[in-house]
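Structures follow.
Look for subunit A in each of the two complexes below; its partner is subunit B in the first and subunit C in the second.
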Partner chain A sequence: MTDTLESREASTLPPVELREAAGAVAGTGRRGARWWSGVGLVLLIASLGALAWTPGPLVRPEGFTLVTDFLGAATTPSTDGAFLAVVGSAAVTTVAYAVLGTVVSVVLGFVGGILSSEVWWLEGRHGAARRRATAGWIAVRGTLVLPRAIHEVIWGLVFLSVLGLTPLVAVLAIGIPFGAVTAKVFSELLDESPRRPYRAALAAGTPRAIALLHTLLPVAWSDLLSYGFYRFECAIRSAAILGLIGAGGLGFQLALSLQTLNYREVWTVLYALIVLSAATDVWSSAVRRRRASGARPGNPVIRGSLVAALVLGLFSLWWVQLDLSVLVAADTWRLAGQIVTDAWPPTLDVPVFELVVAALITVAMSVLAIVLAVAGGAVLAFPAASTGAPTIGRRVRVVATRAVLIVLRALPPPVWALLFLFVMAPGLLPGAMALGVYTLGILGRLMAESVENLERRPQQALQAAGASGAAVSVYAVVPAVAPRFVAFGLYRWEVTIRETVVVGVVGAGGLGLLLNDQLTSFDYAASLTTLAVVVVLTALVDATSAGVRRSVR
Partner chain B sequence: MTAVFTLEGAGLSYPGVTALRGCDLEISAGERVAVIGPSGAGKSSLIALLNGTALPTDGTATTLGCDFARTRTRAARRTRRQVGTVYQQFDLVEQLRVVHNVNAGRLGYWPFWKAAYSLVRPRGIDEVRHALERVGIADKLEARTVTLSGGQKQRVALARVLVQQPQAILADEPIASLDPRLGAEVIDLLNEISAEAGTTLVTSLHDVDMALSRFQRIVALRDGHIVFDRPPDAVSTGDVEELYAAPDSPGLVG
Partner chain C sequence: MRRVLAVIVLVLTAALTAACGGGAEPRELVISAIPDQDPQKLQRLYGALAERLTGTLGFPVRYVPLTDYAASVTAYRRGDLDMVFFGGLTGVQARQQVPGSVPLAQRDVDERFRSVFVATTASGIAPVADVAGLRSVGGRSLTFGSESSTSGRLMPQFFLDQAGVGPNAFRGPSGFSGSHDATIAVVTSGAYEVGALNSSVWDQRVAAGQVDTTKVREIFRTPTYHDYHWLARPDIDDELGAGATSRIRDALLGLRPSDPVDKNILDLFGAGSFIPTQPQNYDQVEQVGRSLGLVQ
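For the complex of A and B:
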């Protein structure tokens, strides 16, 4: 029963990158939808209200000259030879972090995915053995929830305190949370693969691991690889963000140039980030498109990409000179042990009011950001979608809109936050704007793709009946795309609540700011309390989002 | 004659559904048995009890002396290796080449490293080729399974059972997805294979004529229990009509 539901789900969403969003559940009907719209509206109004609550003026007019200076420098990025060399090397470092982080996450995801799949634990088991296996299954799934709920940057901050400044910080900070997400996605891929051959192999007395290897992996592995490429795309952005907290690479250069207010250098770094991000976008979607259209592993693009990935992996290992010895060093373990004893038990002796306010700001930030992103994405999705006859005007429109979307998502949220902080008082607004603008870049592309993939026949039928363009879009296009846009928005809301922490770190307020303050003052017990609040909030948002998705389906 | 399969008062129920109840059945080595009955009579459930993919909720089921409900995994696996099953949907991995799907029959005998390596360089090609020859599709060794027709896929499934060399073959509606001519060929093939090696064969079928003309023993199921169990020449037209009659009218239900 769930099989059919899940496969239907899979066919209505773009392939693997939205796996995280696709929790298949039965609909609760219209009443649920109305109830959730009401809740959403109340949340939105409350979040707007929270804006007014921020102390002091929202906008700092004096900052506008800074913005003009900053934007003015866009046309004259620093082309100083020595600086270009530094940026080039930083870019390679960022790529290397992303590559190694992705490799770690795919390996963790592979093992974790098998160990958290239903087929591994439950299929073909009965009675007491099944009850024992269920306990094991739930335990593994439970362990994977925590690393997923905690953002890369928090992992980065924690590893930074334990391991010090080593490339391993970035690799692990990307690899662990991404690995947990990949594990979830891979376990779903395994559980959704046709199960009968696996069942038949078990019935013929095949040991579980071998049966899985021969019947489920041949079906699921190519989706895992394709998902790995999508993860790499995300890892590039994460690697840049991790640079901002000191892990090196482009983000680190950016932070240095920003601190010295050298805008021409800032632009050089930003351009490098945009090129890098656009290139990985193009590469990863080329691979995934071929996968989705059913290309075999022998396809030249896929084979070439796999070889390139292997070469990149080896090169990255050499480039960052990954030193694994810190992992076994006595110092590391002593430090880790000390942090754990400092942090445990988490203190309840925190200013509760401050914590509650920070939590509310965080939620409001995520709500405003996602509303901005969905609204903007819905507007830009149509000009960005290449549908209809390819006239020159249309092409220009499509390319221009897509370029805007690429720039929006190439700059990581903390960078946007720093820019908005020029003109806005620290707090809710710059954080929401930063996350909103960045998420708009991501949602715009997803939405444009879903507009492109729309079934054309209903529109053609209306046109043939003499309907105007406006009538066609109201009757055929909007009803078809609206549920998907809502689903994308909800999925991204879950991601955004995690990312509020990231903009918080650079001073945009909320739990991220609080956490950063506590971590930098080595108050680990209070940090753990804040972290627990973050995890609870994340879980609440996930549950709400799942509830809404159930009701709109 | 030693018993290969024994059911004693075996029942199988899921929450809200009773698939089988009070089934007594003994099948000896070398017998070739057809299980017939209308849709939903419990034929697939019976096959599932025999190969241990389901455990009886009442009574006992014993396969080659092994009661799956009371046996540790390792020993149960040894018994499973002795029972080959063919299904209506073939249960092949479509993405793999035919040779791997045939080899799947003896994965239970291979250590992990050998099973893994075989996906790169197929092991035991000679036996695979021999099995494919036996089922008449020797030329498909390297073909991708997804490219085969339904009849060819069922032959691959038969070849898989051949390399497994089991003591008993179970077939759950093996020809329901095939057209009549192909179906007859597959049933004949199953019977030949079993006769050659003295293998016990239990097939569920919805084609009564096929069952009566090609098997030594007919077990009829209806509403989850065994209605009759006798040689085909002792099965009358009346028996068959009664077996497949529309459900009893409400007045007659006790």
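For the complex of A and C:
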């Protein structure tokens, strides 16, 4: 394949991180769209209806003084020398966890992606062999849902009880769920790569693995790396959340300062998180923009980034003193066995009604959160997108909007939850708001990128024909971005279901609170039941969102 | 490109293998604490206690900072922590998971620990004289602190139960603010009408003028119970030599407020001194935990 052909192909494909949202599915037509919009509307109305359950007024303006206390401290963060040193070293730890977690996730995603791809199982197989292979393919894909459905914090607690107090806990708690997501994306990349060379190699009798390594991998590989850079920014946020359960790093310092509501210290940590978020955002989008515009690996930015990533990886290994021997220690296997016997069989005589109510609360909270995030993201995506001539005013607008988005996603959901609780009645609403604004920060960025990647020609044609700005938006921009925005929202919806686990503070109930209570009393069997419900819920949401995405295509 | 990747893979493999080669670990005592007083101060100045104990005991003592109760019980069960300053409930849970664990010492304040119930002035809930009076918080919204907290959840829930106010007798599900200070804040904001927390944290915040007493006031102080204590794993003597456990106990009990170094440590723990304790002191906590389903 010539360079020009490959680069043209690269530029017509959407950027790799957008693939999480855009699975390869065929359209189901207008009737499907109507049906799914109906489902969505019913869900939204039911979730809004659930708000009515909260007794008393939903918003309490008199609590606002506490929010201003918090915001006021933003101008006077703690600058105590010793504390700054602690925060500095915690920030390095957080970065190290994120780097190593990302490395694990890319490795797992690489292997898992091949093993869960259609080309690996099905291509060139016929008859009974194909049927057997289909069963294998479905089994692997199904298995990959599990790690995704379980929140990093829960993974963290599981690994903690097996591996003990080692940095490996944080690395694996990030690497495993992220690896499953990466595997899903990478398998789709492989399946979408041109298959003719692979087919030819298989037909010539080349072993499957070798054929795949030589024909498909070279095409998909650099997309995998570029996706790794995207995941890295997510990993920073995850590493911070993990700190809350005691894995160290910025999250740990944040948890300590939050415990006594020392807002000035809280802000110092938050600023550190914001700076890290912004830096990784700038770095990873620089790499991905170069990739999307078809730059070759020889490009100085990409080459430099790979070298920097390597250095960072080695530094991280040294910084956290990762000790892998614990993985093969006899004790580890005994403890892993112990946690399995503790948790198995899962409790079955649970109050079913209570579980169903909790599941409904979780769904309602996630629906409200995601609707808020998509709506807000859609509004902020346009000012955050750097399109058109780079005037100074425009640049200021882009930077300012992006800064807002970074702050929204840099503050961990538990912090948002506490703030919203100050001014809202305990229940669904503060939880939904907390998850909503956090997700808005994430979605707004992705949406801005998809606005930037928009095909310009329809707009230019309308402008050339003398259409007004409003008309251009209505006829050329909105129809083009709306399906993508919806797809992003649906993709994040699944994630939001998991995230409800970390906003227990809002007193909304739901599966998160239930799980916390069960983990607090070390009732592993009951926790397993609750987790199973979360997994089922995630699978349902996954199926629903696949259906909706198919219909909006 | 391919060459760059090959180098990356090679170097990472080498680094991982190098990181694998851990030698025999020195025998040391690993301790941790999740105290109620200024946790951030203690967790950041944790060197002090470890250094002091290392000096007295003659073997290395390492302090691991943790904030999460579940994480510390889990690490204790696994044997990663040898001795932990647990709360009443978490101590019972840990003792259950590691049978034979020894409660070594408690702070002077821990043998007569109390919780307070606070309420917004706007709620109009009047101070009550006895446990039975807590009936008046039924039907109100209420928040506890952390789920595993003895003074911020377990004992308040127990006294509420005694007053006939069950876990579902509140307006909406009861909240878990996460900490004693957060409880004060969310009650002050009016998010919850009633909150339950550690009395010494409350007293300190009121004395320091950090509580808006026009918005929130104390309505009840519970009877006393036993709370925090140092719990040691039963295998310490095997690991660190016969008599190690009692030497550690003596070292803790021997911290003197008259000595400036010791005073600093005791202050970090919010203690006048450490005093002896025994397993029976936590029978009540265990019983309550069992009745509330927090102890299996």
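Annotations
The rule is simple: the second predicted complex is superposed on the first by the 479 of 553 C-alpha atoms of A that agree within 3 Å, B and C clash if a C-alpha of one lies under 4 Å from a C-alpha of the other, contacts with A are read in each partner's own complex, and residues count from 1 in each chain.
Everything that follows uses one rule, which is that a contact is a pair of C-beta atoms (placed from the backbone, for glycine too) under 8 Å apart; a residue touches a chain by one contact, two chains touch by 3 or more.
Bear in mind the structure is a predicted one, so any value in this text is a computation, not a measurement.
In the superposition on chain A, A:Gly205 makes contact with subunit B only, while subunit C stays out of contact range. Contact with subunit C, but none with subunit B, is seen for A:Asp323 once the two complexes are overlaid on the shared chain.
Taking subunit B and subunit C in turn and counting the residues of subunit A each one touches, the greater count comes from C. After overlaying the two complexes on the shared chain, residue contacts for A:Glu452 are found with neither subunit B nor subunit C.
Contacts of A:Arg303 after superposition: subunit C is touched, whereas subunit B is not reached.
In the superposition on chain A, no residue of subunit A contacts both subunit B and subunit C. Per the touch definition, subunit A reaches subunit C in the complex via residues 54-56, 60, 62-63, 65-66, 82-83, 86, 103, 157, 160-162, 164-165, 244-246, 248, 252-253, 255-262, 265, 297-298, 303, 306-307, 310, 313-314, 317, 321-325, 335, 414, 418, 421-427, 504-509, 513, 516-517, 519-523.
Here subunit A touches subunit B in the complex through residues 124, 126-127, 129, 194, 196-197, 199-207, 209-211, 213-215, 218-219, going by the rule given at the top. Residue ranges of subunit B in contact with subunit A, taken from their complex: 51-55, 69, 73, 76-85, 87, 89, 91-96, 100, 104-105, 107-108, 110, 112, 115-116, 119, 164. Of all the residues in subunit C, the ones that touch subunit A in their complex are 1, 4, 7-8, 11-12, 15-16, 19-22, 38-40, 43-44, 64-75, 77-81, 93, 97, 141, 143, 147-148, 171-179, 181-182, 185-186, 188-192, 293-296.
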